[in-house]
Amino acid sequence: MIFITRRERFNAAHRLFKTEYTDEQNMMVFGKCSNPNWHGHNYELFVTLKGEIDPETGFLVNLKALSKLIREKIIQKIDHKNINLEVDFMKDRMASTENLSIAVWEELVTPISQLGATLHCVKICESENNFVEYYG
Amino acid sequence: MIFITRRERFNAAHRLFKTEYTDEQNMMVFGKCSNPNWHGHNYELFVTLKGEIDPETGFLVNLKALSKLIREKIIQKIDHKNINLEVDFMKDRMASTENLSIAVWEELVTPISQLGATLHCVKICESENNFVEYYG
Amino acid sequence: MIFITRRERFNAAHRLFKTEYTDEQNMMVFGKCSNPNWHGHNYELFVTLKGEIDPETGFLVNLKALSKLIREKIIQKIDHKNINLEVDFMKDRMASTENLSIAVWEELVTPISQLGATLHCVKICESENNFVEYYG
Amino acid sequence: MIFITRRERFNAAHRLFKTEYTDEQNMMVFGKCSNPNWHGHNYELFVTLKGEIDPETGFLVNLKALSKLIREKIIQKIDHKNINLEVDFMKDRMASTENLSIAVWEELVTPISQLGATLHCVKICESENNFVEYYG
Amino acid sequence: MIFITRRERFNAAHRLFKTEYTDEQNMMVFGKCSNPNWHGHNYELFVTLKGEIDPETGFLVNLKALSKLIREKIIQKIDHKNINLEVDFMKDRMASTENLSIAVWEELVTPISQLGATLHCVKICESENNFVEYYG
Amino acid sequence: MIFITRRERFNAAHRLFKTEYTDEQNMMVFGKCSNPNWHGHNYELFVTLKGEIDPETGFLVNLKALSKLIREKIIQKIDHKNINLEVDFMKDRMASTENLSIAVWEELVTPISQLGATLHCVKICESENNFVEYYG
């Protein structure tokens, strides 16, 4: 069993808030992250796969295929986008990094299994001080 | 003559566009950076000062005073904000990193001179691949 | 189950030595880390929590509350301090990164459970080449 | 149980290819990584050990001894070398990062046990976007 | 006058040696960097431009155009290549980072002037400990 | 004219204070940096040289010789030391990063000229947020 990780990056706007709350309530619960005019981040996404090495290639999976898959399924949909308004896999979810990690997992788990490996971890870094990991 | 640099960070949303353009024209000139729903970045701001060392303290300036000044004049106004809509010193300016660097310079040059040093450079990193420097 | 990590930083002096040893014996066992005049590091502390996402907020825990807790319990007691002489939770312990990781765990495990999450890992980086992880 | 990690670095040339394939076939399967004239990387190697803290020293293992061991067993054999042609422990293996991680594990697992700890993980970063982990 | 920098990366093999020298002489002068079987690096290339901001766009130059130009003129010719054997603009030059920086400058200075800016600096990082800068 | 930079690292303890001041006065002027029990840092030292490339070697200077020189003149005297008490070239100087940069310059300027290059800049990073540059 070997583990391989690919990093991809995206820049996006988001806002933490509940529509049931007033702006004041949102500010109380979510602080400056609830700014109605949005803010944003340079997100780093680390996708870790596990499985057996293919003796023919020495690879777990072809990293170009993995990178292409992550870009198609995730990056193209979220890069330079508004996570709350424009990202289909985040519809009706609070735009927290926790929920984003789970949503990315759900988008990737099946296509990655078709590459011949198992999705092990989705890690998203929102800043140099904060990151989230999800293992399914 | 000695040079000292302080890094501060902020997260903000922005959009590159001209109101005179249609969304299609903006997309043609500014690409995905013109997304009408905004996107965002973790910006890094490096402020470099130059001057003589105070023989009493061994400092060019007190870094706590410098950090406090940058936070008051810049970070509090831009962190978790929308650069196009909410940042007074970016009003009526295209929200490019180039213009942002100049605007930050203009906000800081006088208060830094009151700390007893000269502003030498404002550097803003928009991503790990892109940064701008302005020397006045 | 989701995992979230917060990084905090502190700068401190320390020394590796045993009072039962002479300076020569300490030098033999601990090398330059035993310098009687101390040396120091920029430490990075990564605190990882695990638990269920609160559906109300989309958070595992509020990161501001977590940061405040780590600063109160750890950073304020150790930042710009001498680990051997001044840090209550390191009293009577060899000031190694291994022991420091365990001591930080012991300080944090109960207050973090009161935030509604479980402490999963304390990771301390002493330099870009060395780090320690403790999982309880 | 505590975990300690030491980072060491090496620069090496390599090529991904199968001698049974023509250059065209190799290009199709391995892309530009199969360039017959080689390419290279700044590799980062992270070696993680686990075990009990020695109450005498506060250490899991002496990091100087660990660093010396990694340099003797791995770095001296691979740094500024051609992985395909010159590294004994990679003989007859495809020079992928996956295989390299396993080979490094096999070189280190016994000597590390003689330091009084257990090898837990070998992690090799080939670039800032790709890394492999092997846990035995 | 504003300065903007774009980072691009490439992985390549090289060797420092003089054909007039024996392998022993090369080893004496260039050390392990003269290994006849090559070694390699993850190079980072920082290209800095200076000029006036276009008031229409707020840009010095369009960074996508700059990135495309650097990739066409430099990255496609050197990434996953052998610098000594395969890179036309390094023909008959010692493959040192110093010479590489000058050669990259020479390749870029004219096309960058056609973007409407002036090439200010080529910086190449060979490792986390060594880098070269050339200002023409 | 080409510029080459070598990074070296050291870990040291220090304290900012004036012997003429009481501890209370020192605390008022220097804050927690004046802690009488010391604190410390992982310092990064960047030494930049300028000069002409030697056509024989393609080098400005041999980086091994430069690294050896910096280690002999600076790192061996300051690594794992107390800057206030044990570093000869900092005797009778306030242990600020500004003064340290000038002292390192003074130690290096003559021996570097004997390598056949000119010292251009000494840069010292005290933390990820603060650094000082001195150009003589």
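As written, the chain order gives the labels A, B, C, D, E and F, with residue 1 at the start of each chain.
Operating definition for what follows: a contact is a pair of C-beta atoms (placed from the backbone, for glycine too) under 8 Å apart; a residue touches a chain by one contact, two chains touch by 3 or more.
On a predicted model such as this, the values are computed, not experimentally measured, just so you know.
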Selected pair, out of D-E, B-F or C-F, that shares over half of its residue contact pairs with A-D: B-F
Distance from the mean Cα position of chain F to that of chain D, given in whole angstrom: 33
Inter-chain centre distance, chain E versus chain F - centres from mean C-alpha coordinates, in Å: 29
Junction residues of chain A - those touching two or more other chains: 128
Chain pairs that touch, as defined at the top of this document: A-B, A-C, A-D, B-E, B-F, C-D, C-F, D-E, E-F
Chain C residues within the chain D interface of the complex: 16, 18, 29-31, 93-99, 101-102, 128-135
List of chain F residues in touch with chain C within their complex: 9, 11-14, 32-33, 35, 37-42, 79-82, 85-86, 127-128
Chain A-touching residues of chain C, taken from the complex the two chains share: 1-8, 48, 53, 56-60, 63-64, 67
